[in-house]
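Chain nomenclature is as follows: A, B and C, assigned in order of appearance, with residue numbering initiated at 1 for each chain independently.
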Amino acid sequence: MDLLLQTLINGLILGAGYALVAVGLTVIFGTLHIVNFAHGAFFALGAYATLLLEEAGFPYLLAIPAAVLCVAAIGWALETTIVRRALYDQGEHGSIIVTFALSQAIVAAIILTVGPDPLPVPSPFGQAAVSAGGFFLSAQRLFIAAASVAVLLGFSVWLRRTVKGQQILAVSQNARGALYSGINVPLIRSLSFLLGISAAGLAGALIGPMISAFPTMGDANVIVAFTVVILGGLGSIGGAMLGALVIGLGNALFETYVSVSWTPALGWILVILVLLLRPQGLMGRAQLDRH
Amino acid sequence: MTDITESAPGPRARGGSASLRGAGLMALGIAAVLAAGFGLDGDPFLLNLAGYTCGFALFALSVNVMLGGLGEVPLGHCMFYGLGAYAPAMTMHHLGLPYEAGVVIGMVVAAALAAPIGWLTLHLTGAYFSIVSWGLSGVAMVTALNLDVTGGPLGLFGFSRLAVGPFDLSQPATYFFVAAAVLLAVLALLYHIRSSRFGRAMEAIRQGPHLARSLGIDVFRERLKALVLSAPIAALAGALSLPYTQIVTPEVMSVLRTVDALLAALIGGVGLIFGPAVGAVIFTILPQFLDLDPNVKVLVFSLLIILVMVAAPGGLHQLWKAAAARLTHARKGDAS
Amino acid sequence: MTVWAVEAEGVQKRYGGVAALKGVDLRIPEGAIHGLIGPNGAGKSTMFDILCGITKPTSGRVSVLGMDVAAVPAHQVAQGGVGRTFQRTAIFRDGSVRENLLLASFGRMRHSVLHRILRAGTWREDMAGFESRADAVLDTCGLTALADQPAASLAYGTQRRLAVAIMLMNDPKILFLDEPVAGMNDAETAEFIALVRDIARGRTIVVVEHDMAAIGALCSEVLVMVDGLPVVSDTPERALAHPDVVAAYLGTDDDD
């Protein structure tokens, strides 16, 4: 019973981390209608930026926002040079190839500049554990959960309460209508892309200390994020959060009760099942182009 | 994106001359193979690499059946490549079967597996299809890592005899000629497919699935046929990599393998039959001669792809065509 | 006795809880040019898709050219001699005008991969046949001069004519046109009407259209639909003068 509760708590915390990656992915899909296969690379960039900033003397808590800014700056550069030209209103397979190639290029660039080996990302929370009511939680996990929830709540409020946020929602619901009502759609798309990859960078900065930084660290996370996002319905922010918790719990339960070595396949099996059985997602917003 | 003139001879290239052109291209291919084979004579390393390149070109062609044929990005195609490499390795290792039997088994299993996989997944298009495809290869890789028959993370190695009939593939020259012959045969097959009913249907579907359906094409069935056709070609490619690699590990199913093939197809041009093959040669031989670090290679080629997609979505040959058109245009301008 | 190209009875279509069609009867005699009109949301697009076999009705009987299109997959409906154009012009964007037509001739191609290899002779004959068929269709549609132009570079009205030409390659016995003159200028519309009259010989044509002048110029009879139900079926002049139709058009905002 205690093991079950411990597993459930771990799963929920894991889910909060996934939610951050997934919300970024879903915001980009909602407004740009592309699946960003480079999302995992921006996740890795977030972790490496944090690491390098810490080596340069930044304390962890300050390194996180600075790292997010770095990722956003890189994202902005890529957005203006590549994404904007290659992806908007182009055929879908072009966007898959370009974002995938982008992720390969970023990973290769990381290997060439920093090296292929895993590097620890220092965190003041270190290996400390918090004991509460008989359960042990790593302090870093608690911090990830708290930061994710805070950022996601802030983001939700920002989307609903500000003009820019409302415009993002408008574009994701009906780009043409938004254009006719005078919204600067290209600007909103660029902004959404930056927000999306910044979320991935933030997730990398938060999760980095737990798994260390390595060039392909984003792959596993982005795979889970695909599952989450598709489960929640592509483009649906609430769905992404709900999906993240479901997947977090599922992963934790599987790892504890079934098998650790097969856990990497679980994400894939889930994403396949979700796409085959319920492609419109749990929240039921049909988005899929099926024949 | 596809150069339709190849599948549908235009007014000036009616049926007869198209066949002639096909024969001419084939003769050119054979000449290139012979020249390369004897030109490299005595350099076992380069001959081995050339043999491997032929196998890789086969994989690029297989990927291009999906990419250039249907307009889908089959990220998980490496699964069939890996299956083709594992099949002879496993049958030789565990059953003592000859290599050729393993190759055939791998191709049959790949086609047999592609049918239900396609039946389940080809209702999906675009990014959804790519994700599911990637997912299946991820599952396949984890499976190969965890099973005993596949040798786990260490894989299988130490093969006794890699030969096709009397041809011993451990001889670099023989390996190259066999791989090149297989490549040319598949090229010839694809060339004829292009101008058959099936090839026409794929082209119509790629350009407009709804229009294709309204012209009487069973879109789902033709997409399924394309996958079932391309899977055994990928398996054959995987099997042909064995004499070069001498080992099969779960890494063979890494999505990077598919990405390499996609890059090769895009560099050469997805619409042209010979494009992916030429792209494969550029992609493997050039880095070898330039002595590129594998990561520099990935970086350079990824950026190249992005450049191609931004500037010329049909492949580099489109850039050349555009440049040529501009040149002739400029010349005409001078004349007048 | 009249031969009916289209016979539909009690056609209903529900999407979730919303009824798009609430029981439509429609009969179109063979060889007619028939109109399907009504304000936005009247259900004419749904009816159109059902007749082409793309959408399956919730209930009711639909027969087109004697085929039960509710039971037959869309591509088989097309093979049975049903052609259609799309509201958003559908052409093969990567080829020239002629290549578009040749690609459309797929429906009549006999050569599987094996046949293609073993019977190169008959393949060549067939290809030559498609070429001459394409020449004829190009001529009919006034596209001969543009045959080698890239299809995507054509003017809007010309692209719509190409869309019709693509369908003509398969010689459909009935052709459905989905808002064919929408967005065309007057000259293009006049040209298009002449084309439709020309190709109507020997086949049935069904037009969904908002442009009442075009409908009046083309159709012998129109069915007016309002709110998922047929209101009146008559000649264009009389149908448009019908009080219920006038009320329906006045009551709604009819700009697409």
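Rule of thumb we're sticking to: contacts are C-beta pairs under 8 Å (C-beta built on N, C-alpha and C of every residue); 3 or more make two chains touch, one makes a residue touch a chain.
Remember, predicted model here, so these are calculated numbers, not experimental data.
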Legend entry - Chain whose averaged C-alpha position falls nearest the assembly-wide average: B
Legend entry - Distance-maximising chain from chain A - centres being C-alpha averages: C
Inset, instruction - Express in whole angstrom the distance between the two chain centres, defined as the mean CA positions of chain A and chain C. - result: 46
Inset, instruction - State, to the nearest whole Å, the distance from the C-alpha centre of chain A to the C-alpha centre of chain B. - result: 33
Legend entry - Separation of chain B from chain C, taking each centre as the mean of its C-alpha atoms, in whole Å: 40
Inset, instruction - Mark out which residues of chain B touch at least two other chains, giving numbers and ranges. - result: 213, 219
Inset, instruction - Over in the complex, which chain A residues touch chain B? Could you list them? - result: 34-35, 37, 82, 85-86, 90-98, 100-102, 104-105, 107-109, 111-112, 223, 226, 230, 261-262, 264-265, 267-269, 271-272, 275-276, 279, 288-291
Legend entry - List of chain C residues in touch with chain B within their complex: 52, 54, 73-76, 78-79, 83-84, 86, 90-96, 98-99, 102-104, 106-107, 109-113, 115-117, 120, 123-124, 127-128, 131, 147-148, 166-167, 170
Legend entry - chain A partner contacts - residues on chain B that touch it in the complex: 67, 71-73, 75, 120-121, 123-128, 130-132, 134-136, 138-139, 142-143, 145-146, 209, 213, 219-220, 256, 259, 262-263, 266, 293, 295-296, 298-299, 302-303, 305-306, 309-310, 313
Legend entry - Touching residues on chain B, where the partner in the complex is chain C: 1-2, 4-5, 7-11, 14-16, 19, 189, 192-193, 195-201, 203-204, 207-208, 210-219
